[in-house]
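Each of the next two complexes has chain A plus one other chain: chain B in the first, chain C in the second.
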Partner chain A sequence: MIEILESGLFNTVQDLGRPGYRDIGVSASGAMDPLAVRIGNSLVGNDENAAVIEVQTFPFSLRFERRTVFAVTGTDGHPHLDGSELIPWCAYMAELGQVLELKQPPRLARAYISVGGGLDIPVVMGSRSTSLRGGFGGNAGRPLAKGDRIAVGEDLEIAMLPATGLAVIEPAVALREVFPAPVDGVLPIRALPAGEHGLFAGDGEAFWSQIWRISSRSDRTGYRLSGEPITPTATIEMRSHGVVPGVIQVPPGGEPIVQMSDANTAGGYPKIAGVIECDLWRLGQARIGARLKFVRSTHAEARAVEQAVARYVEDVRLTSGMVKRALKAMA
Partner chain B sequence: MIATTNRHASPREIIPATQSRARVSSIGARSFLLEAPGDFDLIAQRRIWALSQTVRRWADLAENIPGMTNLLVIFKETPEDPDAVVVRLLEAWEHAQSIDLNGKTIEIPVRYGGEHATDLPALCDLSGLSDREVVRIHHEATYRVFALGSAPGFGYLHGLDPRIYMPRKTVPSLKMPKGCVTIGGMQTGVAMLTGPNGWNSIGFATLEMFDPTAQNPAVMAPGDTVRFLPARIEL
Partner chain C sequence: MSAIDFGDPATIAFLTDALTAAGVEGLEISRPDGQIRIVISGEGAARISVPAATPRASDSAAVVVKAPLAGHFCAEHPGTAVAPQTLPRSISDADVLGFIRVGHMLLPLRAGHSGVLTRLLAEPDTLVGFGDPLFEIELPS
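Then we have the complex of A and B:
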């Protein structure tokens, strides 16, 4: 078990999501930074889809009620275990009673806590993710709160962790060739033109050329962007159609909305573009107030990025497994 | 990428995606939306249901989501040749024979008017009809569930009388209660969650239509028939 000692309002249990039910109106949910979840789970020896805690309102702290392997990923901040500073992207062992504390990270938006054995939470419709809109899944369909106790699955590899921890080079560094760094603080996000791009005529170019800011009315469902409004040449209502995270819709006010993990499953607003899936984690780590720019991409580029990410994740999984097996053999 | 564009729209007109040919566009890298041409009717929707059954058998497909005379298909990975995907989808559409789904009939008791009918006066203004006429026209029709989406278990219903079409609001209601019976454009439905909603409320229903723990979580399925029964009319 782990016990939540302190939590902000919007911290939830997530895994890689609940796809497959959009046709009955159920959002996929899942972590806003799925890459951090896959890496965190690999480091602690879990299946990459094991349930983790997504922390997006800080400070957050929990107590381990038994010896547990854990890793904090996604964040650029330093977690503390009983007051000692740790590094992110590294698996450690916590002893019974030890307290893990996460403070507001300096730059990024979200941190993920994975534990060896995964959070032992009932699977609802194929996933342990919290559906906040639907009020089911995760921690009884609601965010974590002080006093919540969550069961942890059995950890078969607990004895195999190196005493000093097991770290990985974080994605932003390991994959810097495929994920260009922000320029003057402006995050580049790759997208493809979507169905109604042509309807925006000259404003289509304004969409790509201007710098957008993530407004305070943003959450796991969607990011509202502020900037110079863009308007279509005609006011239309689309027939309702399926949408996915990453879709950039333009409501009548002219300020785009990017649908995120808790994305609606259907939409009717004109779609100007769609963020490529492998760039979504970078948006998931962008905070309110952050500036971004959309960069026109291609299917070929999206494939190349997906393949580079897959190689990195596979490398982490194989290497961490090898290290642990070698240590066990030496023990 | 857009296979065919064929769009003429005048302000506030509720238009079909295309006038003559089906259109395929993409959302991000691995999702493609096929929009049927022509009218918003059962004939087009039956072909969408058929197309959905065809693409479900494709080995590289992850999910497909029927919408209102359209279908979103999500592939397992970004296709190497997106143009070939467009061609494949358009061919499948050309071959899609109209099918009907054997649906069940769902009766939904509705309290028309009253505190939840926040948009009934505006609908009367727009349509030039009295509130009684609007309510009668709404509950006398028989609706088909074309598709589900937007919220868990929410069914998009077809069959609304054109006299009571009403565009979505430009400023959505911030906290419309679950159960509101609503009209959005040429569509009607029952709100499944309390929250922001751009549709227009004319009544209220208490029937539970989604249970995440059930074998089939959603009560409605595409092809079902829905009747609204006026349990009470408060005007």
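Then we have the complex of A and C:
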């Protein structure tokens, strides 16, 4: 068990999501930074889809009620265990009674806490993710609150973790060749023109050339962007149609909305572009007020990035196991 | 890859156990600075000839942190801006002095002793072997 000692609003249990039910109006949910979840779970020896805690409002703290392997990923801040500073993206062993504390990260939006054995949460429609709008999944369909106690699954690899912990080179560093760093604080997000891009004519070009800011009216459902409004050349009425995370819609006000993890399942606004799936985690880590620029991408580039990420994830999974086994053999 | 320190009893014990487990009768290694021969007796107990390695200049108040695994030695976390370590500097036993990097994995190297970090014994980003000396820590007297 773990006990939540302190939590801000909207911190939830998430995994990699609940695909396959949009046709009945159920959004996929899942972590806003799925790459951090996959790597965190690999570090602690879990299946990459095991349930974790997504922390997006800080401070957050929990107490371990038994000896537990854990890792904090996604964040650029330093977690603390009983007051001692740890490094992020590193698996550690917590002893019974120890307290893990996460403070506001310096730049990024979200942190993920993985525990060996995963959070023992009932699976609802193929996922342990919390659907806040549906009020189901995760921690009884609601955000975590002080006093909540969550069961932890059996950790079959607990004896494998080296005493000093085991860390990973985080994606932003290991994959810097495929994920360009922000330029002057402006995050580049790759996207592909979508179905109604042609309706925007010159304003379509303005969409790609201007710098957008993430508005305060943003959440796990969608990021609303502030900037010079863009409008279509003609007003059209569209029937509501399916949308997925990454789709960028333009409502009548002209300021785009990017659908995120709790994306609506359908909508009628024209779609100007779609963020490539491999860049969604970077958007998920961008905070309100952050500036971003959309970079026109191609299917070939999106596929190349996807393959680079897959190689990295696979290398972490295989090498972490190999290092643990080698150290165990020499212990 | 740098050489293993055969003057370390723990290294000899590890090699002996590994030879026994593998059913190998013995091992002999010669280097310019000395040689070591480990012979596993028929009863399963090892007979070890004392290595004739050149004794290292040692300070009884200093300890050496050695590589627990083969890999690339990182004096800093690869994600941090490179800043040269100022030496000597005071450290506590829980401090992370560096990492062994294997692929994208990083094995933190804890000091294990409080004292003064006096020397880096391996070049950053070089490949090191199991048991290679990495840091020297002067213990408080």
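Quick notes on this one:
Rule of thumb we're sticking to: the second predicted complex is superposed on the first by the 330 of 331 C-alpha atoms of A that agree within 3 Å, B and C clash if a C-alpha of one lies under 4 Å from a C-alpha of the other, contacts with A are read in each partner's own complex, and residues count from 1 in each chain.
Criterion: a contact is a pair of C-beta atoms (placed from the backbone, for glycine too) under 8 Å apart; a residue touches a chain by one contact, two chains touch by 3 or more.
Note that this is a predicted model, so its numbers are computed, not measured.
Applying the stated contact rule after C-alpha superposition, one finds that A:A266 touches chain B and leaves chain C untouched. In the superposed model, A:L119 lies in contact with neither chain B nor chain C.
Shared-chain residue A:R22: touches chain B; no touch with chain C.
Once the two complexes are laid over each other on the shared chain, residue contacts for A:A174 go to chain C alone; chain B is not touched. After overlaying the two complexes on the shared chain, residue contacts for A:G195 are found with chain B alone; chain C is out of touch.
In the superposition on chain A, contact of A:A302 is made with chain B only, not with chain C. When the shared chain is aligned, no partner comes close enough to touch A:L283: not chain B, not chain C.
Of the two partner chains placed around the shared chain by superposition, neither chain B nor chain C is touched by A:L62. Looking at the complex, you find that chain A touches chain C at residues 84, 87, 90, 162, 164-170, 172-174, 312, 315-316, 319-320, 322-323, 326-327, 330. Against chain B, in their complex, chain A makes its touches with residues 19-26, 124-125, 131, 133-134, 136-137, 191-195, 197-199, 234-244, 246-247, 252, 264-266, 268, 271, 274-277, 297, 299, 302-303, 306. Chain C contributes residues 14, 68-69, 77-79, 94, 96, 99, 101-110, 130 to its touches with chain A in the complex. Those residues of chain B lying in contact with chain A across their complex are 1-2, 5, 7, 9-17, 23, 25-31, 33, 35, 40, 62-72, 74, 77-80, 82, 147-154, 156, 167-168, 170, 184-185, 187, 192-193, 195, 210, 212-213, 217-218.
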